[in-house]
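Both complexes below contain chain A, partnered by chain B and then by chain C.
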Partner chain A sequence: MESEQFSRHISKRFNEELEGLRTQVLRMGGMVENQLGNAVEAITTGDSEMGLRVASQDHKVNALEVAIDEECSRVLATRGPAAADLRLVVAVIKVITDLERVGDEAQKIGYLASRLASEQQPHDNYSELRALGEHVQTMLHDTLDAFSRLDSDDALMVVEEDKLVDEAYDQITRQCISLMMEDSRTIRRFMDVTWVARALERIGDHAKNIAEYVIYLVHGRDIRHLKLEQVKEEISG
Partner chain B sequence: MQKFMTTMEAVRNDSPTVPPSTVTTELPAVKSTGKTTIDSKKHQTVGDVTASNPVFTVRDCNVYYGEKQALQNVNLDIGRNEVVALIGPSGCGKSTFIRCLNRMNDTIDSARVSGEIKLYGEDIYARDMDVVLLRARVGMVFQKPNPFPKSIYENVAYGPRLHGLSSNRAELDEIVRDSLERAGLWNEVKDRLDDPGTGLSGGQQQRLCIARTIAVNPEVILMDEPCSALDPIATAHIEDLIDELTENYAIAIVTHSMQQAARVSQRTAYFHLGKLIEVDATNKVFTNPGHKLTEDYVTGRFG
Partner chain C sequence: MRIDNLVRHPDFIRYLKHGSKQEGVEIPGPASDDVWLSCRLVPYGMDQKLLLVRDISEHMKIARARRDFAANASHELRTPLTVIAGYLDAMAEDEALPSPWHGPVADMQEQAGRMQRLVQDLLQLATLESATSCSRENTVDIAAILLNAQRNALALPDRPKQVDLVLESDAGILGEESELQSVVANLVSNAVRYTPPDGTITISWRTDNKGGHLQVEDTGIGVLPDEIPRLTERFYRTDSGRVRQQGGTGLGLAIVKHALIRHDARLEINSEIGIGSRFTCHFPPDRVARG
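This part shows the complex of A and B:
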């Protein structure tokens, strides 16, 4: 499936509307990526102000979600899209829900960053959180890229990546638990670290969801809740 | 003149003069279609052209109007209790196709039909096929409502009376009432059955034509853009009616409204330049069609 296929309608106006939807989603995606990047940065640099700034920006993401949702309803009502066009609109409605949740998680991380900044900064500057953060940032970036290029192979890679995120999250949790057992005065701090890791893990899930919508958009097959081998079979079959 | 022609066409179609004994009111047993093979070389259609419980089986159907070939190697089944929607741009052969099913193309001198078209396993182009009876078994509803210039009652009673489907007035009354009820028109016309059918609104006239068609107990109903001259309310009435008619009949409907095809049919067939490009479950055709030409058509793209 090629992206220019959304510009071959007999109605030029319809082309513009679908192209507009795609652009808006990518804009929202860029905004969310930025929020996430800043939130992770705030954690690792112990920048309280930056954390709070991220938290205060979330309403912009929310507003964009509402606007795109409205536009989708309008396109559905007036155009009655079919086939790939219908799948695009349905995928957009779902993608922006996940993007909005990523925004919420980034907001949460922002708040946690400002709280953690008031505590003692560890000498490794939360390197595990940085690694996990960078990993889910890449996933989010790749899934949005796959959406813009309608590339189901790249989307499938994101789906596969999610397992690594889950493993990294488990590892951080285990580490935190043992540190808390060593010294109960750190419980509060490491609870927050666990929350950050949890938020990042959720972002990985959302990136995976978006990747699944991309595969739906390209192949017309819903691969949610399938095992990876089944997914590959579905796509090739 | 035009009006006269359409009326004549309808008379030929709906009012066959056949001896009563030959009219079958019960559906014959379905014969196995296992023997009919589809030539894979000529068969370019995406999807499954067969139906599990076929009423019509069409194989390798070719139609020519003089030199011009209007249909090329079309294979398609129409199943019992299902609505098949035929879609495609103007001149793609979809109307030609349904007109083959009750031999309406016989009325066009230059038309030539080849291939195999079987109704319950019986070749409808066989020499001994009674065309008049065939058209009673395979009813047709046209784009423009074409009631006879007679009363509402007579419009419906005409066919059954000629077929001898009733032996007395009371039975005929019952058939008229039942047909009008099934066509969803009874409540609107029960107090004025003697008024002329042409005095009804467009949507009511179309339902009258449907009542007239079902009054002779057909096995299949063909509809050629039955709603294109109707407003959305009348269209909704007809679409509901199509749903209900599925319980008893096989229906093939030609429509230019993609939304309508998506709403009323279980299977959709896409025609393009005389070829049957794709046939599949309607849900599939409108969400994830298998052929690029189908995709371009249902999404309104340049072909």
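This part shows the complex of A and C:
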């Protein structure tokens, strides 16, 4: 499915509305990407000011979600879209929910960053969190690119990536547990670290969800809760 | 395919939307954070726009290295200086010090003090430079800062005859108190330094619909027009005649400039040789907290 298909309609306004929807979603995506990047940086550099700034910016993302949601219902009500157009509107409604949640997780990380900054910064500057953070950032970035290019192959790659994120999360949790057992005074700090890892892992899940909506948008098939092999068959078949 | 669907950085999108006023925008590359790009939009023909993108990663890397160096070097310099200054203080008060050494020790004390100020300014500049726009959470009582600055100036031994304060507004500024304090302190101490004893310094604060305006005006020796743009460069001196014996560190205006950038404000300098200089800080309306 090519993006040119939005320009197929006889009503020029309709084309513009669909194009506008997509651009709005990607604008929101850009905001969330930026928030996430800053939140991860705040953690690894121990910058409490930046953490709080991320936390205070979340309302902008929320406002955009509400606005896009309204625009979607308006398009549904006035245009009665069908086929690929309908899928686009449905996908947009779902994508923004996940993006908003990513924004919330970034906000949470921001708060935790400002709290962790007041504690002792470890020598490795939370390198595991940085690695995990960079990984989910790439996933979010790739999935949004896939959404804008309507590229289901790229989206599928993001879906596959999520497994690695889960592994990394497990590893960080295990590491935190063993460090907490070594020295009980660090429990509070490592609880926060676990929360950050948890938030990052959730962001990975949301990126995967968005990738699934992209596949739905392109192929018209719902691949949620299917095994990867089945998905590949579905798409190629 | 629209460019803003792939390059999604909020700054970039804002620039695309209402970029004409802005010169350009610097964003991390969409594919990798290690790359920094400088983007400029050039309108041409009928409603056409050309997007020029330049890779400035190398430039950013050098700028960061320079900042880190300044911060580390000044930190390293401070420790030995504290020791030197401490022993000099002890020696100056020691009655066993032979009298021929009184003069030299006093000189050394003075120079050590200057060097400490210099290092402190360098450090402050390094912190200001590495930080982005500062928070708007605190309202700073600008009138109190100005009153304090006036009092300090009046307490100096060889100050100009008159130091006036004109407060036309009781509005505050949303920002960082310590930074605004050093902006005012630097501007006022410059004015005191370059104004003859029979001159006048006027400090004023007013607000209008364009925002807040903080002004320090003097009837001092002034600077040449073509030197004005270079005044905020670090260690820049207008001429060799205006030597370091004036006691400044050469970093004052650079600190002012960077502290103002953090408050989204800008510095305007007007000056005429022999007549005086006027330094105005323009704060945008959304930084002004009306009382």
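Just so we're on the same page, the second predicted complex is superposed on the first by the 237 of 237 C-alpha atoms of A that agree within 3 Å, B and C clash if a C-alpha of one lies under 4 Å from a C-alpha of the other, contacts with A are read in each partner's own complex, and residues count from 1 in each chain.
Criterion: a contact is a pair of C-beta atoms (placed from the backbone, for glycine too) under 8 Å apart; a residue touches a chain by one contact, two chains touch by 3 or more.
Bear in mind the structure is a predicted one, so any value in this text is a computation, not a measurement.
Q: Clash or fit: chain B against chain C, after overlaying the two structures on chain A?
A: fit
Q: In the superposed arrangement, which partner chain does A:74 touch: chain B (first), chain C (second), both, or neither?
A: After superposition on chain A, A:74 lies in contact with neither partner.
Q: For A:59, is the partner it touches chain B (first), chain C (second), both, or none of the two (neither)?
A: After superposition on chain A, A:59 lies in contact with neither partner.
Q: Identify the partner contact of A:149: answer first if only chain B is touched, second if only chain C is, both if each is, neither if none is.
A: In the superposition, A:149 touches chain C alone.
Q: After superposition on the shared chain, which partner residues are touched by A:163: those of chain B (first), chain C (second), both, or neither?
A: The answer is neither, since A:163 touches no partner chain.
Q: Considering only touches as defined above, state whether A:14 meets chain B (first), chain C (second), both or neither.
A: A:14 sits against chain B, while chain C stays out of touch.
Q: For A:174, decide between first (touching chain B), second (touching chain C), both and neither.
A: neither
Q: Could you tell me if A:22 is touching chain B, chain C, both of them or neither one (first, second, both, neither)?
A: second
Q: What's the minimum Cα gap, in whole angstrom, linking chain B and chain C in the superposed view?
A: Checking C-alpha atoms only, chain B sits 19 Å from chain C at its nearest point.
Q: Within their complex, state which residues of chain B touch chain A.
A: Touch list, chain B to chain A: 258-259, 262, 286-289, 295-296, 298-302.
Q: Residues of chain C touching chain A in their complex?
A: Those in contact with chain A are residues 1-2, 4-6, 8-10, 12-13, 28, 30, 33, 131, 135.
Q: State the interface residues of chain A toward chain B in the complex, per the touch definition above.
A: Contacts found on chain A: 5, 8-11, 14, 80-87, 219-221.
Q: List the residues on chain A that touch chain C in their complex, please.
A: Listed in rising order, the residues of chain A that touch chain C are 3, 19, 22-23, 26-27, 29-31, 33-34, 37, 49, 52-53, 141, 144-145, 148-149.
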